[in-house]
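The following pair of complexes shares a single chain, chain A, combined with chain B in the former and chain C in the latter.
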Partner chain A sequence: MTDYRYIGKSITRIDGREKISGAAVYTDDIDFGANLLYAEIVSSTVAHALILNIDTSEAEKLEGVVKVFTGKDFPYKFGLYMKDRYIFAQDKVRFYGEQVAAVVARTPQIAKMGAELVKVEYQELPAVLDQMEALAEGATILHPDLGDYPHVPWFFPKPGTNVAHWRKTRRGDLENGFAEADHIYEETYEVPRYAHCAIETHVAIGKFDYSGRLTVWSSSQSPHTQRNLFAEALAPMGLSQKDIRVITPHVGGGFGGKAGVTMEILPAALATKLRGYAVKLRWTREQEFINTYQRLGVVAKLKLGVKKDGTITALDHKIYWDAGAYVEYGANVVNAVGLSAIGPYRIPNVSIDSVCIYTNLPPGGAYRGFGYSEMLFGLESHITTIARQIGMDEIEFRRKNAILEGDKTAYGAAMNPNGLLEAIDKVTKAIEWDKEYKSTDPNKVIGKGFSLFWKAPAMPPNASSSAFLKFNEDASINLIISGMDIGQGYQTVMAQIAAEVLGVDPSKIRVETPDTDRNPYEWQTVASHITWSSGNAVKKAAIDARDQILALVERVYHMSQDSLYLEDEAVKCHNQASFNLPLRSFVVEGIATKDGSYRGGPINGRGMFMPEFSSASGDPDTSQGGHPNVHYTVGAGALILEIDKDTGKMKVLKAAEAIDAGKALNPDLIKGQITGGLLQGLATVLYEDMRYDDKGRLLNPNFTDYKIPTAMDVPDEIIPIIIEVPQPDGPYGARGVGEHTMLPAAPMIANAVENALGIRIRSMPITAEKVAMAYKKHREQ
Partner chain B sequence: MAFSHSFEYFRPGTLAEALSLLDQYKGDARLLAGGTDLAVHIKENMATPPVVIDVKRVTDFPGSRVSPKALYLNASTTFSDIVNHADLRKAYPMLWEAARSVASVGIRNRATLAGNICSAVPSLDVAPALLCYDAIVHVASSSGTREISIHDWFISPRKTACLGTEIMLGISITAPAVKHSGIYLKQGRYRGEDLAQAGLGVLITSDLQYRLAYCAVGPIPFRARAIEAVLNGKVLTAELISSAKAMVQDTVHPITDIRSSKEYRLHICEVMLERGLKAVEQRLNGAEFDSAEILGG
Partner chain C sequence: MAKVKLTLNNETRTIDVEPCETLLDVLRDKLGMKSPKCGCDRGDCGACAVLIDGKSVRSCLIFAIECEGQHITTLEGISGDQLSILQEAFIEFNSFQCGYCAPGVIISATELLKSNPHPNLEEIKEALSGNLCRCTGYQPIFDAILKASKETKK
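Right after this comes the complex of A and B.
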């Protein structure tokens, strides 16, 4: 095992002091002076309607209102994977809360008063609030022009229907596979929509100055993607990428909700019509719930065939996604799961249909887990049940079918190296799976739940990262990159990678938040791919800088580069122990020679990474042939759940989760991810639930009735386990873990409830109420 | 946080000033104590009062007094004041537990008991305690003071017997003359702060008198007197608890809302009754425990 100086060490976060002390600047903290205007959005009050008229006259008369805008001012489309959205609604609104107009005023209060004076006349259309209804014959079509929407080549919309994309994956012979099975089990599982609930709501400020430059400050996971989407949308106004600058200060939580572009397009567009002013838009908590991305709702129909010995012979997995009114990002969630709905299992005969369906609910989009949580709730519930049905231990069943290196994925590519079996074994041991757990309280019972998980980054095959690295006079370093630290510790880990290559302590490396003018390209901080992708780019930039240093030393001192290495901020030599050239003596100023002239100059490294082996061009009818996913990260989790039989109240007494990080660059940060991710996952299964009325209006756009856990709701004990089977193309063998940590939570709870009470709950969330009422019914029968 | 609603704001320093403002603006004024309810309602345009009278600086509310025999809490009393009062906790555990279950620390530091009672929401956590202890609400107007029994206080959701020209001065409680104990059970959706799906206060005395009051399972909090009548004078037995539980379906009339279904509320009311009776009896006999765990956390 290689001995690393900084890699694999739990270095304290380099942004920790700044954030804890309050020094960190967030988007809303920036002072824009007297020329700052405030926008307030007029939102749709119906789920589906034609806009007949918008009367802005009263709002325009209000003193302090600068200007009122509607869809007529911005007839431009945008979208990440499919251009199906407008900046403001045009002739139609498609969800309750959609942006219809904006009032820009001198103060937030006047803007809000103005917005209340805008009168919108609607002619209501039938609203389609359920994806299965949207699929039915004769359903109202949300997007009659679907056939005209530009989209990425790996999407397959069905114009004339509400199907925005249909990912089909076929492998082996399904019929034959079920014929071989001794036992077949079919069931349907349902998962509602969820909200990210980042502490910091969305906020963005646009400013279009007289030099023709549009600057947008935004709380975002995706500065470069935002710039690109703004440029595409605003191209008719003569703006190009070079004219647009996106600055993304610290972010108060993302979880996928701040990926791509949602409300940020509004202040960006409004600013272009108010030259010289800065225009700010900040979502309230209610707007945050209603008009950003939401996690998609799911109905999953599963059919699994197994032999008596537990071998899985066939899987038919049909997943119907409630993707909302616009699917420009959400359709890729559907795509990702459509390629991966076998879970971490070796299954020879597979059919997956992952169907992206328009509904008159808010747009679905990226949410930590990118569809895998929803898919795994059904699959891992199903696995536990079918193991029990054939009389096999569920862990043995999982071990037997676990996907191993070289096994074929659903789309036919070979599975990457992974430690799934090790994860299963370590979790089983840590949770003491074979131990008899029994409550001393007669009102309570204890159950055990197990689940495997896997996930691959979902990204275009050419998603790439780049990095700049500048040495300063004292051999300190500015690392200039464009990923976002959304809590995961990105900045710290990138500093560790550069530190390892260059022999400079991470405390001497400063990583700043991005500015697209100055920082090099990064696709987005999503998909748990940033440690892997940006890490590779940073490593290459550091190696580039090191190569420059060693080449310079070779040129000046005539020493072989092979004999040189970097350590303790100095160049050292394997063959000459006395040689010690401090970096600070030359990385900016160069090396002085005898005649008083200098060699070298400022050392600046550059690195880039793109997964050149990736391809999304599989067969549209089978998904065979491409290599859409760069790799999968796998793991296992188990928990011990105490349940009050009468109230249904649940408490996780102990949870263990093992994840194969490839190489844990910073173990403490991964343990933090396991704790945080598990808690977020537990919240989605135990408490959270977006509830809509029959008009498509969200009933709980607040923390009074949308419950996210408090410190009091944290499990008593969480055992984080790190597995390290290296990812061959990862920086020091690392692969991503961020999203994965929440994936096993829901099926673990469902399985533990069944284990304890003998009832199987197939719809999320599994609240105390649902458990109590199901158990009451069960007892009465 | 922008308010689109504009209002006139007054911050009187004395009760007399506050009452004179109330008279001046008649039904147009809303009183603001902690503001944790009113400010949110104004922000969301659920309340649009032309005038807001902030009574936080009123210094001459009669002073609070707490003794094992009687208690008076004035209108300035915050929930944190109650939670941090050791004597109150000991003498009136039901009231203390209810206060502790209201919202979170930050809100409790600000929100007042008086404002809470005046909000008169069906899920009012302190209502079962006040109903069980037969509390008196003291109010003042420019023409004098009057006392209103807590049993006459709640009219309908968000409506009380307090008139628009009156200010609540405080509440008083006289403890039962014999040894007694109480408990408040609250069912919420998780361990963190929540509005009650159902709440139950139980008071027991050494001479086997029982008082029961529910909240969040009807339009107003109420005493379950029919069940009390079945229990009074009897020692708790499994059979007695069973017959009490059997009456719950006819006693509480909850609705289905976003927090709970009607069916779950009914079910929980039965569970609460059984566990609440058993727990309060133990407490009367000196047992010490955290009531938050009784329903499973």
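Right after this comes the complex of A and C.
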């Protein structure tokens, strides 16, 4: 095992002091002076309608209103993977809450009053609020122009229907696979929509100066992608990437909700018509619930065939996604799961249909887990049930079918090295799976739930990262990168990587939040790819700097580079113990020679990483042939659940989760992902739930009615387990874990409820009420 | 507009406020204190918590005009020239991820340790139940408070 100085160490966060002292600056904290204007949005009050007229005259008369804008001012489309939406609704609204107009005023209060004075006349159209209804014959079509929408080549929309994308994956011979099976089990599972609930709502400020340059400050996971999408959308106004600068201060939580572009396009566009002003838009908590991405809803139909000995022979997995009114980002969630809905299992005969369906609900998009939570709820519930049906231990069943290195994934590429079996063993042991758990309270029962999980980063094949690194006089380093520390500890881990290569303590490495004018390109901080991808770029930048240092020392001192190494902020020599050249003596100022001249100069490193082996060009009908996913991260979880038989109230007594991080660059930060992600996952299954009325209006757009976990809701004990089977192309063997930690939560609860009470609940959330009612019915039968 | 005189982080300040302005908006926009954050604007999340005469209060739920003569402490005031034992413990345990809830949590925890220097886990959970954190799962926050309370002499 390699002995590292900084890698693998639980050093404290380099942004810790900033964040606990109140010094950390978030987007809303920046002052813009007297020329700051405030925007308020006029939102659609119906789910689906034609816009007949917008009367802005009363709002314009209000003192303090600077200007009122409607869709006519911005007839421009935007979108990440598919350009299916406009900056403001044009002739049609497609969800309750969609932006129809904006009032810009001197104060937020006046903007709000102005927005209430804008009168919009609608002609209502039938609203399609359910994805299965949207698929039915004769359903109202949301996007009659679907065939004209630009999209990435790996999407397959069906014009004339509500199907925005259909990912088909086929492998082996399905019919034969089911014929070989001794037992076939079919069932349907349902998952509602969920909200990210970062504590900081979306906020962005656009400023278009008199020279014609647009600067946008935004709370975002994606500064460069935002700049690019702004440039694409605003190209008709003559703007290109060089005219646009995106600055992203600290982000108060992302979870996928601040990936891509949602509301940020509004202040960016509004500013272009208000030269010299800064225009600010901050979502209220209610707007945050309604008009950002939401996690997609799912109906999944599963058919699994197994032999008596537990071997899986065939899987038919049909997943129907309620993707909302616009799917410019959400369609890639559908795509990702359509490639991976076999779960972490070796299955020879597979058919997956992952169908992205337009509905008149808010746009679906990225949410921590990117569709895998929804898919795994059904699959892992199904696995536990089918194991029981054939009389096999569910752990043994999973172990027998677990995907191993070299096994084929659903799209035919080989599975990467992974520690799935080790994860199963360690979780089983940590949770004492074979122990008989019994409540001392006769009214309570205890159940055990188990689940495996896997997930790959979902990215375009050419998603890339880059890094600059510059030395300062005191041998401190500015590491200049464009990933976002959305809380996961990105800045700290990147500093650790540079520290390891350069022999400089991470506490001497400063990592600032990005500015697209000054920081090099990064695709986005999404997909749990940033440790792997940006980490590779940072490592290369550090190696570049190290190579420059060693070449300089070789040139000046005539020592072989092979004999030199960096340690404790100095250049040292294997062959000459007395040689010790402090970095601070030369990394900016150069090395003085005998004649008084200097050699060298400021040391600046650069690095870049793109996964050149990745390809999205699989066959549209089978998905075979490409290499769309760079690798999968796998793991296992188990929990002990106490249930009150009368009230259904549940309490997680103990949970264990093992995840294969490849190499834990900072174990404590990974443990933080496990405790945080697991609680977020448990909340989605135990109580969170977006409730819509029959008009498509969200009924619980606040924290009073949409409960997220408080300090009182924490499981009594969480055992985090880190597995390390190295990722060959990862920095020091690392791969991402951020999203994965919440993946097993829902099926673990569903499986534990069945284990305790003998009832199988196939729709999320599994609330106390639902458990109590189901158990009452079960007892009466 | 009305004049309000109050003590903010041990400095006397006099400001003009509209009767409808919340303490949160006035702290952030007129008094330069950016640590109290807006997360929900209705008292659900606790990100805007400040101490008023030593008691933790959601600054989005009270009007600035009500604060005449009161002593208000924000996280900036707690940080001062030297971080508290509690803040150092939060750093040690990587207690925060995105950090947006941190100001409110630190205010609540500071109030707790002042009134109850050696709380047990249940008391800590109770004291923090009005502060929402979406990132951490709360455990590293509990760990830091327990550690800080141990370092406070009995």
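FYI, the second predicted complex is superposed on the first by the 781 of 781 C-alpha atoms of A that agree within 3 Å, B and C clash if a C-alpha of one lies under 4 Å from a C-alpha of the other, contacts with A are read in each partner's own complex, and residues count from 1 in each chain.
What we mean here is this: contacts are C-beta pairs under 8 Å (C-beta built on N, C-alpha and C of every residue); 3 or more make two chains touch, one makes a residue touch a chain.
Since the structure is predicted, the reported quantities are computational estimates derived from the model, not experimental observations.
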Joint occupancy of chain A by chain B and chain C, clash or fit: fit
Which of chain B and chain C A:704 touches, first, second, both or neither: both
Inter-chain angle, chain B to chain C through the CA centre of chain A, in degrees rounded to a multiple of 10: 40
Touching partner for A:712 - first (chain B), second (chain C), both, neither: both
Touched partner set for A:106, first chain B, second chain C, both or neither: neither
Partner chain in contact with A:760 - chain B first, chain C second, else both or neither: neither
Partner chain(s) touched by A:486 [first = chain B, second = chain C, both, neither]: second
Touched partner set for A:24, first chain B, second chain C, both or neither: second
Which superposed partner A:183 touches (first chain B, second chain C, both, neither): neither
Of chain B and chain C, the chain that contacts the larger number of chain A residues: C
Minimum distance between Cα atoms of chain B and chain C in the superposition (Å): 5
Residues of chain A that lie at the interface with chain B and also at the interface with chain C: 109, 284, 704, 709-712
Chain A-touching residues of chain B, taken from the complex the two chains share: 1-4, 45, 104, 187, 189-195, 197, 258-261, 263-264, 267-268, 271, 275, 295-297
Sites on chain A touched by chain B in the complex: 38, 40, 107-109, 111-113, 115-116, 284, 443-444, 643-644, 646-651, 686-687, 691, 699-700, 704-705, 707, 709-713, 767-769, 772-773, 776
Chain C residues within the chain A interface of the complex: 20, 28, 34-35, 37-42, 44-45, 47, 74-76, 79, 83, 87, 90-92, 94-103, 106, 124-126, 128-142
Touch list for chain A against partner chain C, complex: 12-13, 15-26, 28-29, 109, 196-201, 250-255, 282, 284-285, 486-489, 668-669, 672, 675-680, 702-704, 708-712, 714, 718
